[in-house]
Structure formats: structure tokens, C-alpha cells
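Before anything else, here is the set of structures, which you'll find just below.
Consider the two complexes below, in which subunit A is the common component and subunit B and subunit C are the respective partners.
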Partner chain A sequence: MNFVRTKAIAKKEFKHLFRDIRMLLILLFFPVFLLGIFGYAVNFDVKNIKTTVYDSDRTELSRNFINALNSSGYFDITKFIDSDTEIRKILDKKDAQLVIVIPKNMSREFHSNKEAKIQYLIDGVDGNTANLIQNYVTAATSSYNNKLTLIKVSKTGSKFYTPIDYQPIFWFNPELKSTKFLIPGLIVMILIVTSAVSVSLSLVREKERGTIEQVDVSPVKSGELIIGKTTPYIVLALFNAIVILVVGYILFDVEVKGSYLLLFITTSIFLFASTSLGILVSVISDSQQVAFNISTMASLLPSVILSGFIFPIDSMPWAVQIFTNLTPAKFFIEILRAIVLKGVGLQAFYLQVIYLIIFATVFLGLANLINSRKGKTS
Partner chain B sequence: MKTILHIIKKEFQQFRRDPKMFGIVLIAPIIQLLILGYAATLDVNSVHTVVYDMDKSYESRRFIERFKRSGYFIIDMYAENYEEVTEQLNNTSAIVAVVIPKEFEKKIQRKETVPLQAIYNGSDGNTAGIASGYVAKIISEFSKEIVLDFRERYGQKSSSVGMLTPEIRVWYNPELKTRNFMLPGIVGLLLSVITLILTSLAIVKEKEIGTLEQLIVTPIKPFQLIIGKLVPFVILGFIAVVMVITAMNLIFGIEVRGSSFFLFFASFLYILSTLGLGLFVSTISKTQQQAMMIAIFAILMPMVYLSGFAFPIENMPEVIQYVSYLIPLRYFITIIRGVILKGIGIEYLWMDTAALLGIGIIILTLSSLRFRKRLE
Partner chain C sequence: MNSIEVKALTKKFGSFVSVDNISFSVKKGEIFGFLGANGAGKSTTIKMLCGMLEPTSGDALVGGYSIKKESDNVKKNIGYMSQRFSLYNDLSIIENIKFFAGVYGLEGELLKERINWVLKIANLEGKENILTASLPGGIKQRLALGTAVIHQPKIVFLDEPTSGVDPISRRSFWDLINDLSAQDITVFVTTHYLEEAEFCHNIILINAGKLIAEGNPKELKTKYLKKTILEIEATPVNNVIEILKKSQYTEDVSIFGNNIHAVMNCNYSEKEQVYSMLQHVQDISVERIDEIVPTLEDVFIHLLEKDGK
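The block that comes next holds the complex of A and B.
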């Protein structure tokens, strides 16, 4: 390994990178842009549920109940209707996500100490949102119910009794914001684009243009070539990672709770693994178009869907869960969440680090094997 | 007309000659459908749970049994102290720790209120929120039984106080499966990929190879060239749509409840915009690499994220909600979901249909003009 030659290649690659301004802008602008979209637009936090109310009771109780819902901040009551014939149309047209139907004799039933039912009709097309709405209405009804019972019971002097008082506590992310959960995954996605995809494209470009043969006859060794070619992209990727963390902190309050040193080391190990993947792709493919297709199919798609970035792995069928182990992104996301959100140390994720190192070695080994075989046949 | 047919024929011959690309176009939809169908789910059905039972009594075991039986919780371990609880939440995939306090049973027998702590790993806020809903439900059912039990024992037949209880009905998708929400959106995604990316690539390729100049000197008129180049991708797009809808029905049992004819009509309107965008990309890029990057990162990704495909538009801030009105995929996804899941038709969807038509005509006209100018 000759340091001077490696440096020369890296320098040349940097020049290439800076010459194609359009590409460079995409690579630099893309992270901040995505972060903006993700941070503001992409979240599962259900607030302001569009609600229509059909109050056929029209009593003090029903009005107070509606007011209580309105002031909870979760429900945005936009419309009151006078007949149940409109309900279907409202849900069909997506005018409301929730229709509350208060039956005619609710107040009477309640005051004659019976069970009064309040009907909630939820648009279930988006199953996840519907599930959260379901939780909110259950909680809202029971808290209003408790309030009423307390008042009533204190009047009669008897004791009000709830057997179990549920006290949920949320660690690491008390407001349950999904942005905090998504930002580590976003870092991983952007790192994959800047490392795996770009590296494979840049190596294949030399192949496509035939310049790789010129390099082959020069005294540059393949190790030097690969290190020289990948360094600029690794530097760029690290820079991107820093930008995302800073922007994430400024705009969305996501701060790194754990150690920066660990963060840096594990990020470098992940970059090593994902550039190895890029190198492997470049060895397999002959044209940029094929390289692009393979790297999106093999790295980008799985790292968005199978890595636990958005969709929890535990909910997938077991066959798919086994598949998820093939993407390095899965392990790095676990590491990042542990460092950034939980602030815990190496004991929480040493296994994942070992996995990443194994990945990198296997990818590089495979690339080397295929490459030397191709060399022999040609 | 004859000229256009010739160009279309030539394009199809090119498809046949490039089997790798053809394979990707036809196989990718099915792979996407399978991955999204099986993996892309936000359903929470296996909550890894730690139980710290300080009471170890008959009642506490009965309570824990409820968690096991619900089908949502997987009890990973029984902790013996708070350190173990912390350790599990910090270092493993445990999502919730349920802490049953001392004297759980005694307090219940004495008719006192027992505080019950559930500590969540909130880093995945969505999962934690849904899991908390499950826990609340188990607790409220358990409490109800205790109260009823007391009444029976003390001979109070009817309840002493009135109660408000929610009666929840979920329409269109009663099992609350995310799959039903995600899969119809794939039709929109696929049409975008095939018509937008492939058209722009096909045109830029001619540019890169230099054959576009040869076409310009022939008597072919620009509009004939545009139509001839676009029609094959429209046909390809429709084949993919039919394949995906059939596969959706056969593999996942999601049927089209509404009118298939309207679905195809809307697909056609949507294609107007994607073809227009594809043409536009081809006019601003010099190489296939640029075309790919611009098409994917500058057009496709924002389109996917802002269209409500995976993330509900209602949750977005107002400003971004306004931006989403500019995105044709938004209207198309509303239509697809309406037709497939709700079985509604143009009587409710006419506004989205009109928006799709308007945007499509504007984008396609502007891009064609720009493309023609470039040619001349």
C-alpha cells in the first residue's frame, strides 16, 4: 500500500466530484431537503382529528361532553349534523375522520344510573391513524365518565372506587414524537445513498468509459484504487451526517444523548460496511443503469422498508423478519437509536457492531473473489 | 398517424431487445407488492414486555395472564428489581415494563385503588402509543370485572351510578390493517415509476447516443415523436396496473369494491401528469445518471412522501398541506383508495378527478412545448 498513490487518486476523485456541480448539489442538498420533508410532513402524530358530531340528545350533559372533547386538543369538531343519513356521505367523502353519535336518551339513561352508550364511527382506511383515534376516544370517554362519577358520588356521600389507577410513563421520548424516531433512520438512508449508491456508480463509470483498463496497467494496486476512490464519498457522507444532526437539533430538538465518540466510531464502521456493499455492486454490474437498479433494489429499498426505519420489525411475519437481517441498515439504526435517543453505551449494541464488521468483511471478500475470477477469464 | 405507429413499433422492438430492463419493469411491481404487503405494516401485534411482579399473588398472576391471553404481548422476562427493568428497557427490544406493586391483591380486596405503572420505551412513539392503548384496555376490563365481582358479592344487582361507555365502530377496514391502506397506493407508485422514470430515461438515452438528432432531421414532426415515444409506456403502465390489481386480489384478498372502469379512467388522467413530468426531466438532463437522480430525488420522493401514500396528510402542518395540493399523486391516491376500499365512485370523487385532469393537461402541455422548443 502506497500512501502517495492513494492520496493522488483521492485528490483526483475529489476534483471529479467538484466538477459535476449538479451531482454535488444533489448529494449535499438532498439530506437537508429530506430532513425538512421528514421532520415536518412525515409523522404519525395524530392531532386535530376532523370530527363531525350528531347530537340527537341535545341536553346539558351531551353539550358538556362535546365541549370537553373539543377542549382536549385532539379533536377538531368541524361540523354538526341533524340526521344520521348524512353520516355515510361524510365518511365516504373523507369530510371527517370520526363521527360521534350521541343517542337520543343518553342523558336520561345516565341519570337513571344505567349505561349510556356513545357511538364513535371511525374511518378505518388508514388503520394506524384509526387505531390511535380509537385510543383517544376511549380515553376521553372514560376520563369524562370518571369526572361525572366523582361529582355524583361526592354528592351522595358514598365512595367512588376505581380498582386500578393506570400510570403510563414514557421514557426517552415523553411526548411520543415520531420525528425523534425517524431521524436516526433518515441519517442511515442518506448515508446509504451517499456511500453505497454513489461509490458503485463512480466505480462503474470508470468501467463504462474504459478508463479502468488504463488504471489496471498503471502501478496502482486495486486496494489503493478502492481506498482512493471511496475516501471522498466517505468524507462527504460523514459531513452529511453532521449536517443532519445539527439541523435535527436546531429544527426538531433531537439531541444526541450518548457519547459523540461512540457515534463517530460506529458511523465509520457502518460507512465501511455500506461502501463495501457499493464495491460489491460495482463488481457485478457493467453499466451505470444496471448498477443503479441493483443498488436501489439491494440497498435502498430494503433499508427503507425492512430496516425498521418506519415499520416495526417485530410486526412482520417471521419469514420476512429473517430477511431483515440481510440489511446492514437495520443494525445501524438500532445503534443510532440507542446512542441518540436512549444515550446508552456499548453494552446495548456490541452485537450489532460485530454484525456490521462481519458484513463489511463478507461484502469485500465476495467483491474480491468475483473480481479476481473475472480477471482470470478476461 | 402511420408515422406514430412506426415509432411505437420501433419502441416495442427495443423493449424486446433489452430483456433485462423488460424483466425489471414487469417483475419489480410484484416484488414491491410482496415487500410492501408483508413488511410495510404499522400494526402492533407483538409487544415485547417485561413484567416486574412485586406482589406475586393470585390476583397479580391473574392480571398477567390477561396480557398473555390478549395476543398482543410477548412476555420476554420477569424482572426481580428495578435495575433489571431499566436494563431491559435500555438494552433490549422491550417496549413496555409493567410494574405490579406490593399489596396488589390486598388493596383490591380492601377496595382501595392500586397504582399500576407501565414504563414504555418511547423511542418509537407510534408503537408505544398503540401499546399503551392495549394496556389501558386490559386494565379497564380487569377493573370492570373487579367492580362487578364486588357488586355480586354484596348483592347490588344494578349499577349504583350511571356510566358513559364508548361503542366504537371502524368502517371500511374493521381489522385496522395497515396493509389495506398501503397496497392500493402501490398502483399509483408503479404508474409513476414506469411512466415518469422510464420515459425520461428513454428520451435521454437517445440524446446521449446522439440518435435524437437523426430523428430531428427526418420528416417526423415533434408531436408525432412525443406521442410515439409515450404510448408504449402508457401501455406498459396499464399492464402493470392490471397485474398489481390481480395480484392484490389473489395474494392479499383485497378486491376492487367500486367500478374498475372508473379506476382505469382515473389512471389515464394521472398518466397525463407523470408523462409530462417525465418529458420535463428529459429536457433538463444531459445524461441518464442525471435524469435518474432528478427523477427520483427531486420528483418521485417528495411526491411519494407528500401524497399521503404512507403518511397521512392530515398530520402535516398547514403550509405543507397546501403544497400537497400541487401533487397529482395526492388526488390519484385518494381516488384509488376510495374506489378500492370504500367502493365509491365519481359522485364523491369528481373534485379529485377534475383536479387530476387539470394538473395533467397543464403539465403535459408545458412540457411538450418545452420539449418541442428544444427540438427545433
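The block that comes next holds the complex of A and C.
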């Protein structure tokens, strides 16, 4: 390893980066832009569920029940209707996500000690949201049920108590905000794009323009070339990671609970893994267009779909779960969530770190193998 | 002493033989012309000699180092400039020079001295910060040559260095090549311009991966083409060529600018024979017919056509 040669390549690469101001601005501001989009627009929290009520009972009991739901804060009762023919129309037009149907004899049944029936119609098009609505409805109903049971039992003169009192407390993300959950994934996605895609593009650009020939004929070793060419992008990616963390703190209150040193070291290891993916892509592609397509397919897509960034891996079919192991993003997201949200130490994620190192070694080895084979045949 | 010694060099790509068992040697400090048609195997040979490509069999000593076993040492001791313009267009002149200086590990006083030398030979002193993209082709070529020899190699390979450059720039580029040769640097050059080949001390010609002729320009003209060449100026050219090709006196006929060159065979004794033959045909007017000393182009076309048959 010759330091003068490596430095010359890294310096040149930095100059390329700063010469193309437009590209540099995109690389620097794209992450903040993405963070804004994901933070504000992609929100999986369900609040203010648009609710329509069809109350054909119209008694004190039914009104009390509706008020109880309303005061829980999750339901936004926007409309009352008088006939069941309107229900279909309202759901069709998406005027409401939830229709509560209270039958005529609810109050009567209740007072004659029979089961009163209430129907909830939920718009099931978006399965996730529908599930959440169902949970809220069940919780609201059962808490109101408790209240009613209390009244009934006290009328008989005996004392009523709930056998098990439970108090769920959410750790790490107490308000269950999805932004907190998303930010580590977002960092991973942006880092893998700036490293894998831009490294593969910068290597293939030289192949495409023929400038690589002049470097090939010089005494530069492939290790020196790779370190020199990737250093600027790794620095840029680390800078991006800092920007995302700062913006995440300012806009969404995401604090790093764990050690910054550990965060820096693991991030560097992940960048090493994703640049090695970029290098492998550059070896197998001959034009920037091909390199861009392959590196996006190999880095961006799996890191969004298979990494657990948005879609929980546990709920994927087992065959797909096996495929999730192909992306280093999955493992780094686990590491980041552990450091940023939980503040735990290395013992919680050393396996993931080892995996990242193995990933990088295999990909670099593969790139080297293919490259040396090409040297003999082309 | 020979600075390049090629021994039975062969390169195969699958079943295709790109370079077929060629051997030759290049003397120290000479300008060595390496000629051949497109696809004849020139670039493949150069890439092997520069240590970029491994030969299938055979070997070569470049600056005393084997291209097979010591390609790292070969790379340190040669300069290379390719037909594709290999400087970075989005970097300034000085940034390009500094990059290649760094790639060859230059530092300190020597670095400064060599940077100034490159700027001087490319006539770019005082223009260091101009973007390379904005330079005219001829200047770019000089700059590329300068960066290719920034580390003062003893041997420099130029792969079609003047393709796409205007005639005046080409001439001054060759002055630069002569300067290098005068400093005892071996210049190994490929070109498609045969008037440039005349400037070379020694030449080899390859076709379909095989060496078909070697020698200095003078030798080539006499050794490989002993037959008489006629330069004929007559119209209409196409008809004249048809007639000449069918005639009993000619072996080869080809167009040379406005003229026709004909290689004559043993039936030919004097130019009057051709003159009278053409005069008897209607519509043809003959301006002049001269016996000429063959040009390198005549020799090569003759050799390539013979080899093709």
C-alpha cells in the first residue's frame, strides 16, 4: 500500500465531487428532503378515525355510549345518518373509515338484562389501518362495558372488581410514534444509496470514459484504487448520517440514547459493507446506466422492502424471510434501533456486526475474483 | 541494447487468436512504428506489453522486466498514452497533472520540477487552472503525452496518439516524439497515418495477429515491393481501374487520391504498353503515366492484399 498513490486518487475523487455542484447538492440535501417526507407524510399512526354513526335506538344509553367513544380521542364522529341504505354509500365514497350501527332495541335489551348488540363496519381496504381501528374499537367498547357492568352489579348490591388489572407501558418509544421507528431505517437507506450507488457509478464512469486505462497501466494497486475512490463517498455518507441525526432530533425529537462512538464504528462497518456491494456492481457492469440499475436494485429496493424498515420481517412468509438476509440493511437497522432507540451496548448486536463484516468480505472477494478473471480474458 | 524484446507472444480470446506468435525487438531510444489495420491485434499487443493483459503464451522483456512475472516493475518503468483521450475533462490542467504525478508516487522538489516540465511541453504555462475540457484537441494530446511521461520512464507506448488531430498539431506532436527519442527514450507508437510511419526508425506490420513485415521505411519499400509501380492520372477513374484490373500487365490496382497506383507484373516492360492500351478505349483520356518509387502505403496495401489471399 503506497500512501502517495492512494492520496492522489482520493484527492482527485474529492475534486470530481466538488466540481459537480449540482450532484453534490443532491447528495447533501436529498437525505433531509427524504427525512421530511418520511417524517411527516409517511405516518402509520392512526388517529382521528373518521366515524359515522347510525343510531336507530336514540336513547340515553346509546348517546352516552357514543359520547364515550368520542371522548377517547381516537374517533372523529363526523356524521349521523338515519337509514341503513346510506351506510354503503358512505363507505364507498370513503366519507368514513368506520360506521357504528346501533340497533333499535339496544336500550331495551340492556335494561331487560339481555346482550345488547352493536355493529362496527370498518373499511378494510387498508388492512393495517383496519386492524388498528378494530383494536381501538375493541378497547373503547370493553372499557365502556366495564363501566356498564359496574352499574349493573352495584344494582344487585354486591361489590364488583376487575380480577386482573393491567397497565401496559411502552418502552423505547413510549408515544409509539412511527417516525422514531422509521428514522434508523431512513439513515440506513440513505447511507446505502450514497455509498453503494455512487461508488459503483464513479468506478464505472472511469471505465466508460476510458480513463481507467491510464490508471490500470500505472503502478496503482487495486486496493489503493478502491480505498482512494471510496474514501470521499464514505466521508460524504458519514456526513449525511450526522445531518439526518441532527434533523431527526430537531424535527422529530429522535435522540441517540446509546454511545456515539459505537454508532460511528458500526456505521463505518456498514459503509464498508455497502461500498463493497457498489464495487461488486462496478465490476460486473460496463456502463453507468447498467451500474445504476443494478446497484439500485441490489441496494435501495431490498433496504426498503426486505430490511424491516417499513414492513416487519416477522410477518413475512418464511421464504421471503430467508431472502431478507441478503441485504446488509436489515442487520444495520437492527443495530441502529438498538443504539439510537434503546441505548444498549455491543452485547445486544455483536452478531449483526459480525454478519456485516462477513458480507463485506464475501462481496469484496467476489469482486476481486471476477476482476482478476476479466484481466485474463479481456 | 534492446529496450523491448518480444518472444513468441500469443493472446487468445476463447478460440479467437488475437495475437499469433509474434517476435520482434525494439532498440533503446528509437521510434518504433507498430502498424496494422483495425482489429489486427495492435491494442492487444500494447496492453500485454504494458502489463495490463496477461499473454496466453510467450513473453516479452520490457525495460528488462518480464511482462508475465514482473508486471509491477514493467508498469513503473513505462509511460502509456492511448487513442482514447485519457485525461479527466472535469478537472483543471494542474489537477490532472498532479493526479498522474501522485499515481506515480512523485513528491517534493521532483514533483514541482516535473509539473513545470509538463506545462512547458504542452505550452500551457500560466493556464494551469483552465478546465481540461475546454482545450483544443492538439493541446490535449500534448498534455496527455506530458502526463504519460511525467515519471520519466525509459519507454513510452503511444496507441494512435494523433487520431483525430489536425495536420499542424500532428506535426508538432511528432516534433515532441523526436525530442523524447533524442533523450534516449524509446517510443513505441501505433498509427494509421502512413506519412507518420515514415518518421519511424523501424517498423513492423501485423495482420490478423501475425507479423508480416519488418524493417526501416527504406528497407520496407525495396525489400517487400520489388515490382514497378505506375502512377496513372486518367479519367473516368472507375473505368480505368476496371480496365487495368483486367489487363495482363497488372498485379494490383488501387486509388491514391486523384491518381491510380498499379503494381505491375512480369509481363510489363515499359509504360508505353499501358499508355497504348488505355488510348484505344473510348471516352478515356490519359493525362500522364509515371513510374514511381513506392510509398509505404503502396507497400502495405500490397502486403495486406497478398496476406489476405
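What we mean here is this: the second predicted complex is superposed on the first by the 370 of 378 C-alpha atoms of A that agree within 3 Å, B and C clash if a C-alpha of one lies under 4 Å from a C-alpha of the other, contacts with A are read in each partner's own complex, and residues count from 1 in each chain.
Note that in this section a contact is a pair of C-beta atoms (placed from the backbone, for glycine too) under 8 Å apart; a residue touches a chain by one contact, two chains touch by 3 or more.
It should be emphasised that the depicted structure is a prediction, and the values quoted were computed from it without experimental measurement.
Undergrad: Overlaying the two complexes on subunit A, which is it for subunit B and subunit C: clash or fit?
TA: With subunit A aligned, subunit B clears subunit C, so fit.
Undergrad: Would you check which partner chain A:Met316 touches, where first means subunit B only, second means subunit C only, and both and neither mean what they say?
TA: first
Undergrad: Quick check for you: in the superposed arrangement, does A:Gln347 touch first (subunit B), second (subunit C), both or neither?
TA: first
Undergrad: Which of the two partners, first being subunit B and second being subunit C, lies in contact with A:Phe181: first, second, both, or neither?
TA: In the superposed model, A:Phe181 contacts subunit B only, not subunit C.
Undergrad: To make sure I follow: the centres are taken over C-alpha atoms, the vertex is subunit A, the ends are subunit B and subunit C. What is that angle to the nearest 10 degrees?
TA: 90
Undergrad: A:Ala116 in the overlay: touching subunit B, subunit C, both, or neither? Say first, second, both or neither.
TA: first
Undergrad: Which partner reaches more residues of subunit A, subunit B or subunit C?
TA: The partner that reaches more residues of subunit A in the superposed model: B.
Undergrad: According to the stated criteria, A:Arg19 is in contact with first (subunit B), second (subunit C), both, or neither; which is it?
TA: A:Arg19: touches subunit C, not subunit B.
Undergrad: Which partner does A:Leu34 contact after superposing on A: first (subunit B), second (subunit C), both, neither?
TA: Touch partner of A:Leu34: subunit B, not subunit C.
Undergrad: Closest pair of CA atoms, one in subunit B and one in subunit C, after superposing: how far apart in Å?
TA: Comparing every C-alpha of subunit B with every C-alpha of subunit C, the smallest gap is 15 Å.
Undergrad: Can you list the residues of subunit A that meet both subunit B and subunit C?
TA: none
Undergrad: Which of the residues in subunit A end up touching subunit B in this complex?
TA: Residues 22-23, 26, 30, 34, 37-38, 40-50, 65, 89, 91-94, 97, 106, 109-132, 134-135, 137-139, 141-142, 144-145, 148-149, 152-153, 158, 161-178, 180-181, 201, 288-290, 292-293, 297, 301, 305-306, 310-312, 314-317, 319-320, 323-324, 337-338, 341-342, 344, 347-348.
Undergrad: Where on subunit A is subunit C touching in the complex?
TA: Going by the criterion above, the answer is residues 2, 4-5, 7-9, 11-12, 15-16, 19-20, 209-211, 213-220, 375-378.
Undergrad: Report the residues of subunit B in contact with subunit A in the complex, numbered from low to high.
TA: Residues in contact with subunit A: 20, 24, 28, 31-32, 35-36, 38-48, 89-91, 93, 108, 111, 113-130, 132-133, 135-137, 139-140, 142-143, 146-147, 158-181, 201, 288-290, 292-294, 297-298, 301-302, 305-306, 310-312, 314-317, 320, 334, 337-338, 341-342, 344, 348.
Undergrad: If we count contacts the way the header does, which residues on subunit C are in touch with subunit A in the complex?
TA: Touch residues, subunit C against subunit A: 13, 50-54, 72, 75-76, 78, 80-82, 84-88, 90-91, 95, 98-107, 148.
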